[in-house]
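Please find the structures below.
Next, two complexes with chain A in common: one pairs it with chain B, the other with chain C.
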Partner chain A sequence: MNIAGESLGTFLARQTVQAATPLIMAGLGELLAEVTGVINIGIEGLMLMGCIAGYAAAGISGSGGVGLGAAIFAGMGTAAIFAGVTVWAAADQIVAGAAVNILAVGASGLAWFFYQNAREAVHRSVSLGRHVGFQSVAIPGLSRIPFFGPMLFDQYMLFYAAIILAVLIWLLLHHTRTGAILRALGDAPEACQAAGVSVRTWRTGAVLFAGACAGAAGAYLSIMRTHAFASDMTGGQGFVVLSLVIFGRWTIPGLIAGCLLFGGINSLQQILQTTRYTSHSTLMHALQHIPFEFFQMLPYVVALLALATLSRSSPGPRYLGQAWRQ
Partner chain B sequence: MLSIENISKAFGGVQALNNVSLAVAPGSVQGILGENGAGKTTLMNILFGLIRPDRGQIRLNGQSVVVRSPRVAQQLGIGMVHQHFKLAPALSVTDNLALAVGRNFVLLHRASFRDRIAALARSLHWAVDPDSVVGQLNVGQQQRVEIIKALLGGGKILILDEPTAVLTPQEVDELIPAVRSLARAGITVIFISHKLSEVNRMCDRIAVLRRGELVFAGPMGELSAEEITHRMLGAPSALSSLGASSASPGLVRLHLSRVCCPLPGTRKYKPLLDNIELSVRAGEIVGIAGVEGNGQTTLIDAILGSLPISSGVITLDGSDLSHLVNFRRARKFACIPEDRQGQGLVLSLSLTANLMLRSYRNPEFMRLGLRHVTAWRSRAAMLVRSFDIRCASVEVPIQFLSGGNQQKALIARELYGNPPVILAINPTRGLDIGATAFVLQQLTAARQRGAAVLLIHSDLDELLAISDRVMVMYAGRLLPTNWPAVDRAAIGRMMMGITPQAA
Partner chain C sequence: MDPSAPPPTVNSMQSQSARYGVRHGPKVFWLWTAMAVGAIAFSGLLVLAVLAMSGYPALGILHRWIIGAAGNRFNSAASMADACPLLLTGLAAGVAFRSGVLNIGAQGQFLLGALVSVALTTRFIFPGPPWCVMLGAMAAACVAGGMWALLASVLERYRGVPVVLSTILLNFVALYLVRAALHGPLQAADTSAPQSPQLKVIYWLPILITNTDFHLGIPLAFAVAVALAVVLGRTNFGFELLITGLNPRVARLVGMPVARRQFAIMFLSGCCAGLGGAVQVLGVTHFMLGNFGNYGYTGIAVALLGRLNPIGIAVAAVFFGMLDTGSRFVEESSLALPHQMANVVKGVIILAMLVASAWMMRRGSRDRSLEAGENQNTPDQQQVQS
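Moving on, here comes the complex of A and B:
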């Protein structure tokens, strides 16, 4: 069976990576923040802020780059509020993260409303011109490799950035003093303090970085993979990121594996949804009787099962979720 | 030359240090003695930049320096090993050391770290594996990592705050020559301990603090042991006045029969309990001697039910404990645990709350289902008075009390109210001579009242001083002794695994 001129396998592989890209990007930031002891369940909200900021800024400026910059900035800005409340004022991280999610729904809805009005006032279309958003970038030569070419080397720019970032963060965490500090922040902040490292400043840095990553992941959703904004477009992916960080046991390879697994199941369910009406096989016919919500639910069920079975052995950073008061 | 000049520091109403001046020569080992809360740790924290003094200054080689932070201390060559370690247990030795020295955002040169660690470890005759994870090292090895950490950045002054409190006697015997060799290499060591014998073997000069004031500074040997104790306390030691009891023990209260724990192969890091037979009767103290790590902690965990046993029975007053839920079971014992900060106390709660943790459900401490504030306060005040806990206020979080006073608070809570069965592990760890005598007296008094006391203690002299029966724990097995018919040396040999027949 072929889809869009590709074999099903190649198509699925490419879709998998496309679906995994925002999860990897946001996951890298969240992983770093959690390693230092700060859990931000507001990651969903940060992504949503990135979606709207990226979309609106790209629409107004006519430049995808400006959109991406705005998304990163919006993610960091919202994360700064979170950092102020949790790291500096020592408020409960879960409560503050939930507040960030609620705040983001309101703020992004409001921004969307103003954006639409502003566009209509100047008689411009609300939707992005196709040239404004990002297109996928095929790397010459490499993208021609069968199967792996389309999967790994014909992707959006943010995927390449995420992979480079993943390697850099892995090096940073495991082969530099900075990494030792970051890991110690979540394991024994008093050891950091004794080493003359400011626990709060460093944690703030990690939270801001996570905000930037989540913002970029949001921009990916609104101006790269699609060129549209919808108020529910993150669709729980921020929460999936949280579970994937745990699933990967706070390691970068584990996180990426989890993201690909989730992305794969998600793409598979989309393919099943679209092909079951066009295919002639009896299996596909049988699948027609299952409501499509079931397929939408599948990746989350798998994520839950994986969490329940795999994450028990590793408790994670000792001080995860605990404020540092000195 | 390090000189401390006219340092004063007050915490709230407590004058922790009052006009203290002290000069320490390079290449010497300076002992600091003083009872709990005398201000030893505070003085060291000031040297290390963790606390700013109210008044006074510090001079290094004649130059006045302001130690604003631990980072600055490090740059000045001052390293400190804290009473409670500051290591990240999930990180490797190298990573923990990298935390203390080195630059950010550049790749670590692991080979050079390895060489430096190896060189330091060799000069101290230690074996330290740079790749092992700190949390899997035992306390003695962790301390070595701390000492290496303090010296790695080219430290010239090494502060050791009660380093021996967490060590087994064997480890202490290894630490002393290492410290002496550091001093020979020109490093100034400041050594805090409550044990005169250790100070005697380790130090060139001593200083005695008493309630924040320096009452003596001079060469080791200028004062006799009695004089030193007298300066520290203002009263002679009371340890000698404790005798074994003549009270005849009553019925068996706690009984362990053929207890094995846990299944072989699981939890490798803890020694197994191997067919433990033990009974503790009302009105007696059963002492368990042994080098730490031979199963003592497992034994207590098994009794309290926090570790499942694989076979055998544990009974209290004849009834099997196995069907009780952990917390109900634990409530039947008064327990002074090994790790006071982790298990015994809630560091962020006030002294009052910590003192009330056992009895807050008591009707007399509740009013309308809420805490009875005045009753709490008066009980806390009473305990503070009768156990001589030194603190700025009963409402301060207990983490701000000195180590010894934290221990006293724990003991006050557990021993108050005539508990029938007492489990105590190293109850005098970190206590000064006076407080040690006081705690031992409390235990003997509990025995006199008819309590059954199981005492696990790494200080053999104290253990022998108050125990009616002595057993030795070695490699998960519990061996009876004929104490007091056998001598101390024979027990020491059994602790090393040499059985009486073989010896």
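Moving on, here comes the complex of A and C:
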């Protein structure tokens, strides 16, 4: 069976990676922040800010690169507010994260409203120009490999960036002195302080990095994989990222595996939703009687089941969620 | 280790109450009130200054906003109606957070409550007088929300899935369950959208003040707040819930049924959220859409603003309701300011509030730790699992 000129398996693999990319990107940042002891449930809001900033900046400047830069900047700016409140004022992280989410829903809604007005005032279309958004980048040669080529070497630029970043962060965390400090920040901040490491400065850095990652992930949604903006475009992906970081037990391989699992099931359910009407197999026809919402629900149910069946281990950074008062 | 010990969770989730600085006494109350007023005034000034700088008539907007929120009988009632679901989801978050359970799932519990109440008043009406049907729908919504929350608690206790995580995931499961039901058995006949038919007028909660939105659910929600304030603050049961959250080890040592109390916390929390959904359907919308608001997530913020105290939560919810109603009035009055502004204001207020309260707590705890000579950065002993 073929979809869009590709075999089903290839198509599914490509879609899986495409769906997993923003989760991996935002997850890497959140993982680093959580390793240093800061949990940010406002990641959804940060992504939303990245979406609108990327879209509006790309639309106005006519350049996707500017849009991506603006998205990263917007993510970092919002994360800076979060860092100020949680790291410097030592306020509660869960509630501050919830506040960031509310703020981002409002701010992105306002920005979208003003962007539409501004475009109307100069008689330009709200939608992006034809060559403004990013297209996928095929790596010459490698992308011809059957199956793995389309899956890994014919993706959007952000996927390559995320993979490089993942390797770098893994090396950083486990093979450098900096990584030892970062992990100690979440497990034994008092030791860090005794060693003369400024807990607050380092944590701020980690939170800002998480903001940049989330902003980039937001831009991926609005100017890379799709070239559009909608007010609820993140659709809970930030919360998914949050749970995938815990799901992966704060390890990078675990996080990526979780993202691919989630992206894979999500892509599979999307394919099933359409193929059950076009396929000739009786099994597929039987699936027609299931409302499509149950397919949409599938990734979340699988995540819950996986969590419930996996052995519990590694309770995570000891000071996760706790403010540090100097 | 004691086999009945709770599994290790995403740690530091215990002792929430200590983190939020829940303390009593008139001095704390007045300090908090002054701080809340200060934070709100600061946020208001900040937002108005930004608006003025971007060319809006800031004072005109403020004026409109106040009129829209409480300018007359009708607008005040609308504010109360907006506050009602926030109050109940705020109570849901408050009950759980107060005892150290991070229930982020009020959204899903709210949705399920709404769904059950719609089901019991449109498709599956059991015979009886309308008030009986409504009462049954609300009770069933409570149970539905409570059971949904309980599921997360059970998953934590027996399978070690952190409540923060399972409640987030269950929110999405609930959302798609609701949409499936609204596309399937509960769908209205004349539409292809995920939307329930409208309730018959006899199943609407009665309006208590004529020509306004002030329905019976509003006093009911406030009654729930008062009841919770009494139960949590004045009874043995409420104290046990608090201790279970503050320090499960101590609770176990003095012979409290820790597991049952932890389940009770979640069930009670889910009940509030579920009731919120039912009241919103029966009292305000009278039908249900696939997209039914973000009351659950906003409830977390309301709970904080109210200091996790049921009466405080009621005050905070009314304030948020006024913000919402006022912003819609501003939007309608040709000032070209979308109602999303309300969310910006809410976010800024909560952040300002957090900074102020953290600052106050720090001052308080610094004084005390100087007296006691203790190091307050030591995490609770019971977090270090053997």
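Simple rule for what comes next: the second predicted complex is superposed on the first by the 323 of 326 C-alpha atoms of A that agree within 3 Å, B and C clash if a C-alpha of one lies under 4 Å from a C-alpha of the other, contacts with A are read in each partner's own complex, and residues count from 1 in each chain.
Here is the rule we go by: contacts are C-beta pairs under 8 Å (C-beta built on N, C-alpha and C of every residue); 3 or more make two chains touch, one makes a residue touch a chain.
Everything numeric in this text was worked out from a predicted model, so none of it was measured.
Looking at the shared chain after the overlay, A:307 reaches chain C, while chain B stays out of its contact range. Shared-chain residue A:318: touches chain B and chain C both. In the superposed model, A:190 lies in contact with both chain B and chain C. When the two complexes are superposed, the chain touching more residues of chain A, out of chain B and chain C, is C. In the superposition on chain A, contact is made by A:180 with chain B only, not with chain C. In the superposed model, A:8 lies in contact with neither chain B nor chain C. In the superposition on chain A, A:242 contacts chain C only, with no contact to chain B. Residue overlap on chain A between its contacts with chain B in one complex and with chain C in the other: 190, 317-318.
For chain A in complex with chain C, the touching residues are 39, 41, 81, 84-85, 89-92, 94-96, 98-107, 109-110, 113, 117, 189-190, 236, 239, 242-243, 246-247, 291, 293-294, 296-297, 300-301, 303-304, 307-309, 312, 315-325.
Remark: chain B residues 50, 69-72, 74, 80, 82, 86-91, 95-96, 98-100, 102-108, 110 touch chain A in the complex. Every residue of chain A that touches chain B in the complex is listed here, in rising order: 171-172, 175-181, 183-184, 187-188, 190-197, 317-318. Contact residues on chain C toward chain A in their complex (touch as defined above): 7-13, 19-20, 102, 104, 155, 159-162, 164-166, 168-173, 176-177, 179-180, 183-184, 294, 297-298, 300-301, 304, 336, 338, 340-348, 350-351, 354-355, 357-359, 362, 376-377, 379, 383-385.
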